[in-house]
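As written, the chains take the letters A, B, C, D and E, and residue 1 is the first residue of each chain.
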Amino acid sequence: MASWFPNVIHMQSEFAQATWETVYMTLVSAIIAGVLGLATGIFLIASQPGGILEDSFIYGLLDKIVNLLRSIPFIILLAVIAPFTRYLVGTTIGTTAALVPLIIGIFPFYARQIQNALTEIDPGVIEAAQASGSSPTEIIFRVYLREGLPDIIRASILTIISLIGLTTMAGAIGSGGLGDIAISIGYARFENDVTIVAMLIILIMVFIVQFAGDWLAKRLEH
Amino acid sequence: MTENIIDLKKITVEFKDGENQVQAVKNVDLQVEKGDIYGIVGYSGAGKSTLVRVINLLQKPTAGEVHINKQDLLQLKPVELRQARTKIGMIFQHFNLMKSRTILGNVEYPLLKTKLSKSERTKRATELLKLVGLEQRKNDYPRQLSGGQKQRVAIARALANNPDILISDEATSALDPKTTLSILNLLKQLNETLGLTIVLITHEMQAVKEICNHVAVMQKGEIVERGDIEEIFSTPKKKLTQEFINIATNVGPAVEKVTENPSFQQLTQKQQLVQLNFIGQSTEQPIISTLAKQFDVDGNILFANVEQLHEETLGFMILVLTGENQNITKAIQFLKDNQVRVKLLNKVDKKEVQA
Amino acid sequence: HQLSHSAKAKTTTITVGSMGSDYDIWKHIAKSNDAKEAGLKIKVQQVTDGVQLNNGTAQGNIDVNAFQSYSYYEAYNKQHPKQQLSALGTTYLEPMGIYSKKYKKVSQIPDGATIAIANNPANTARDLLLLQSAGLIKLKANFSALGNVSDIKSNPKNLKFKEIDDTTGPRVLKDVDAVLISNTVALEGHLHVLTDSIFHEKIDQSTRSNINILATAKKNAHNAKYKKLVKLYHKKDIQRYIKDKYYGTKIEVQKPIAYLK
Amino acid sequence: MTENIIDLKKITVEFKDGENQVQAVKNVDLQVEKGDIYGIVGYSGAGKSTLVRVINLLQKPTAGEVHINKQDLLQLKPVELRQARTKIGMIFQHFNLMKSRTILGNVEYPLLKTKLSKSERTKRATELLKLVGLEQRKNDYPRQLSGGQKQRVAIARALANNPDILISDEATSALDPKTTLSILNLLKQLNETLGLTIVLITHEMQAVKEICNHVAVMQKGEIVERGDIEEIFSTPKKKLTQEFINIATNVGPAVEKVTENPSFQQLTQKQQLVQLNFIGQSTEQPIISTLAKQFDVDGNILFANVEQLHEETLGFMILVLTGENQNITKAIQFLKDNQVRVKLLNKVDKKEVQA
Amino acid sequence: MASWFPNVIHMQSEFAQATWETVYMTLVSAIIAGVLGLATGIFLIASQPGGILEDSFIYGLLDKIVNLLRSIPFIILLAVIAPFTRYLVGTTIGTTAALVPLIIGIFPFYARQIQNALTEIDPGVIEAAQASGSSPTEIIFRVYLREGLPDIIRASILTIISLIGLTTMAGAIGSGGLGDIAISIGYARFENDVTIVAMLIILIMVFIVQFAGDWLAKRLEH
């Protein structure tokens, strides 16, 4: 053990801490970005040409915001939104401060995925709901979000895994986490065992997310 | 009873598709009285689905007015339109069931908007599923059903909200005859007991005859003929209508078969192949018996389709009349005098009756 | 602002922001007896982006940071008139080195050779200055702490420069003719600047501004507790630890700030 | 001609779905001769689609053997199975057209595997589209077509590769009667000229009567009755078959209508309501004329469905016989002696004939 | 101009160069990762339970490889695959060397997206192709890739935009590019105008990709 993992062995508490930080960042930003992205994706779908609330102004606006946010490199995003981050969480450094750029970095991506997923829903089913007098809100909650659920889950898996990847970059503002350990200790100091263990833990998280998501998506696909 | 619950005025629907442009419905007027059962028939692609989709504005017409239940749908606010739609049930040609909901969930869907409690909704939906014979499958998902079963779920869903109007786009085309009949009976019963107005697109003229009071025949986006069911069936004016009826009553194919059959071509001098069409009380008088007794002409039935349509008898027959030539001539005259249309088939131009 | 508030409430806890080997050193200091004796409770946080670290310090989210050279600190202050930092004291100087797998001497570096230099501004300028001292290039007269390859006046050997993340320095040794590696990174890559480099910085006037400092927000410039950190850094036990751990490549510098100007 | 091109032995298909388990097909044998047109009818959900999907192994049976064209499909290598499938055309209940290809592209699809050149493929596909009347629309996409038009494209596609066997799962259910007839005629023609073997699932008994030589009736996963079309139509053994035929020939509803109609309930002493079923040459002798002349009994036709089925006459009638009581009794005896089945309707139990 | 963009004005050739580098990296890695990802996605779909070439071993293997590659932070990926990069392109630094980690970093993501997109295709259409005797290869090329094309294009847009984001991280190995300019010159040296201009150029690229992709997807959706 000690000879294979010479450095890891002395870092158990750091690893526990980093794992917690990664889980914390991923979970909290996944939930908030999830809500934001879902809402944006749904508004994109609803307002698009031919959508249930067709509105070319809102569609164009959202579409452009999503693209804009997606064009900003994450490191720059960290800086650009720092004032906003400080306003929200009182600091620009640390794990909690990392949540804001993570959320803003990932939600447009998720919104796009939601949009792509919901594009697939059979227009006939939407029509059937319209014919029964459903309002746009009802159609969103009772048709889009239900009929699209397996796809929404697949998009969520993809996004959460991308988000875990993104947390590794938040080390730049002192977020900590497994990615930071892997890079700034394992990689930068040639402590390969640290890198490997950090990545294994990330891998386990990825597998858990993928497995749970696949299982859920399959279960929901009637 | 003469109030028009559906009143479409000069409806035109165009589809633009790049350079292509299809006028699916052309300047069509359609009035349906409250409590009526109105059939729409026509070739595939005639514009039937497009026309009925205008009734609940799923299809916005390019031009025209849509008055339903005295409301001008095109003038309604969205929330009012939605309210109006809850009273128009629709059965889609392609079912359009939600794959994420159970059968029961699909039928309950239109009730989610109502004030019914969860258990009341379930009760109502279960009742409806019982009516269409799928109560056993209520916890299954659409994927697990056969085509006909899906269609029955769609029927139950369309009825869930106790609509005033039911639009049915080939609701029975995927159903076996037995189930079709029971669904038609169900519709008729709802029509009679609740005054449900029904607009029925169907390819089955049998179904039209069975339950419709009026029928419209569409061709290339236009309604080319419309009227009482007896009127249309007894004295169709357009060739298309004639053809549909011929096929429905099986006269067309029958004539063809008979005229093509060599044994019927080789009739003796004393025989004559005739086609008879009659309507109304004419059959109160037993035609064939009269011919036999009065003119000594025997009538051998090769084909017959006689039925009771709204208290009248409607009939088509192909007979071989056997007797002395002059007797046959007299017999035919007698038939004509009794409002029976007679066509001599030996000389018939095959093309004219072929479908 | 909860963090600075809580920092005031628990006056004994000082948050030190750092990265790389400085992070390790300060973690050691935080646990040391000297710190306890001085009555200082130190929390060390790793922040790998220098700009963010300085911003965080200026705003009071980090009390003191330990990662930058004096020249980088000056450049930061120049660019951020609203977020001023103040230097608390000097810590050490570590020589930047030119490393090569292929060549033993700077003079052997051929025409058109590829040289990898750091892409972070704290080190790019320093790298270029070192190359100038090695006689490979000449820089413009107004060369600043944020200068880069566009400020090269003459490049007689037509060297090609690749700006890379400096932490990858030891890893790209094989792929280029020479790499400039800061000592922190070199140590982690098991390179000893005094023995393995083909050329390295001297401690003289020209490298004075490369001396590392502790910095804090301007408003805390006279915070006595923070000043204690400078003293703490220069304690005997701690210096011995640093010397052992980094093979004497981190040369202690204990001078007043004025010396650097 | 007695070679079985399709030979399914003891086929069972089970669907497992979590806890649910549906036996869609139960131990079914099905033999179809080369050149035959074989109809399969049955209620919605009876297992018809599932059974025919076994023929080209789209549905692997849980148990049983599948011999097609003398090949044991379950033993074939994948490449051989694919080769075998090119000779089995299939028309799906839900069309299954590719939305990314034009109509022409969809029909050309099965030809992509063949050695035909691009222009030959186009030629063949265009011919087929002409046959189904959609040549004008060949550059449109499925989305732009009505339900019936899509189904016609699916028919053309299934025929593209000149298959030996054509499996048609309700290929005409979305079609108007005219188009249905022309498609059926097309199939019949292909059957006659090219010896195409056809397995036809349909809900339209009319279609079965029209073109099938044999028919199998499915119920709850089993074939409950099968045989020659004349045999089945004239002497159905099972209640289900009887019901289907009644509905198809419209006898069921007619009897119901007649018996429910008060005016027919109030017959005089000298009248008798009867239902007649007959088959074969019996109508060579003009029944009604004979009754009139020989027994002085008039026959007034309330309902009739008489037609020529494969050279035989098949008939159902509801008559009011009018005459002296003893004459009527004699007349009925005469009919019975002439192989006409007679049912006295005044006493009929409504339930028995109702659908 | 000069007062608004004091630094940019002297960097026109650098911007031209960086734009070219970004375009080059994006294009080349998009093409190669596209082929790899498409192939992987198709194999995932084909080998999945119920797929046309059901094979639980291959499916499990691919699924795990994709997850594995997706769990490695990009910076570490750069290092981990350095030997492979050197073997392929002879060096581990520079624009061309960046292609290898970019490709390996993005293709599993694309594969997952392709898999999600192709899951949507109507199984009835696949059945119709099988019934007409199509082989698995024919089904892949003539059905999956054609019927799924609009979705494949949508997934490609999402991926290319993510890829543009990823190129900004390849600056670590001297790849150059707009992201690198924005970060290591604009951001790190406080030349905000450089950051803004670099991001604007990236934004324009993103819009072009999005617009062209949307247009194509719409056109192909019959």
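Note that a residue touches a chain if its C-beta (ideal position, glycine included) is under 8 Å from a C-beta of that chain, and two chains touch if they have at least 3 such contacts.
Predicted model, so just to flag it, every value in this text is computed and none were measured.
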Inset, instruction - Would you pick out the chains that touch subunit D and also touch subunit E? - result: none
Inset, instruction - Quickly list, by label, the chains bordering both subunit C and subunit D. - result: E
Legend entry - Centre-to-centre distance between subunit C and subunit B (centres being mean Cα positions), rounded to whole Å: 88
Inset, instruction - Take the average of all CA coordinates in subunit B, do the same for subunit E, and state the distance between these two points in whole angstrom. - result: 56
Inset, instruction - Could you give the separation in Å between the centres of subunit A and subunit C, each centre being the mean of its C-alpha atoms? - result: 35
Legend entry - Geometric centre distance via CA averages, subunit E-subunit A, whole Å: 18
Legend entry - Residues of subunit B whose C-beta touches two or more other chains: 94, 144
Legend entry - Residues of subunit A touching at least two other chains: 75, 79, 183, 187
Legend entry - subunit C residues counted as touching two or more neighbouring chains: 51
Legend entry - Each pair of chains that touches, named by its two labels: A-B, A-C, A-E, B-D, C-E, D-E
Inset, instruction - Within their complex, state which residues of subunit B touch subunit D. - result: 15, 17, 20, 22, 41-46, 49, 93-94, 140, 144-149, 151-152, 170, 173-182, 203-206, 210, 243-244, 247-248, 250, 252-254, 257-258, 261, 283-293, 296-308, 311, 313, 315, 317, 322, 355
Legend entry - Residues on subunit C engaged by subunit E in the complex (per definition of touch): 50-51, 75-76, 79-80, 116, 119-121, 146, 148, 150, 162-165, 168, 171-172, 174-176
Inset, instruction - Report the residues of subunit E in contact with subunit A in the complex, numbered from low to high. - result: 63-64, 67-68, 70-76, 79, 109, 112-113, 116-117, 119-120, 151, 154-155, 158, 161-162, 164-165, 168-169, 179, 182-183, 186-187, 195, 199, 202-203, 205-207, 210
Legend entry - In the complex, subunit B residues that touch subunit A: 56, 58, 78-79, 82-86, 88-90, 92, 94, 96-102, 109-110, 112-113, 141-144, 157, 161
Legend entry - Parts of subunit E lying in touch with subunit D, wherever the complex brings them together: 122, 124-125, 127-135, 138, 142-143, 146-147, 149, 220-222
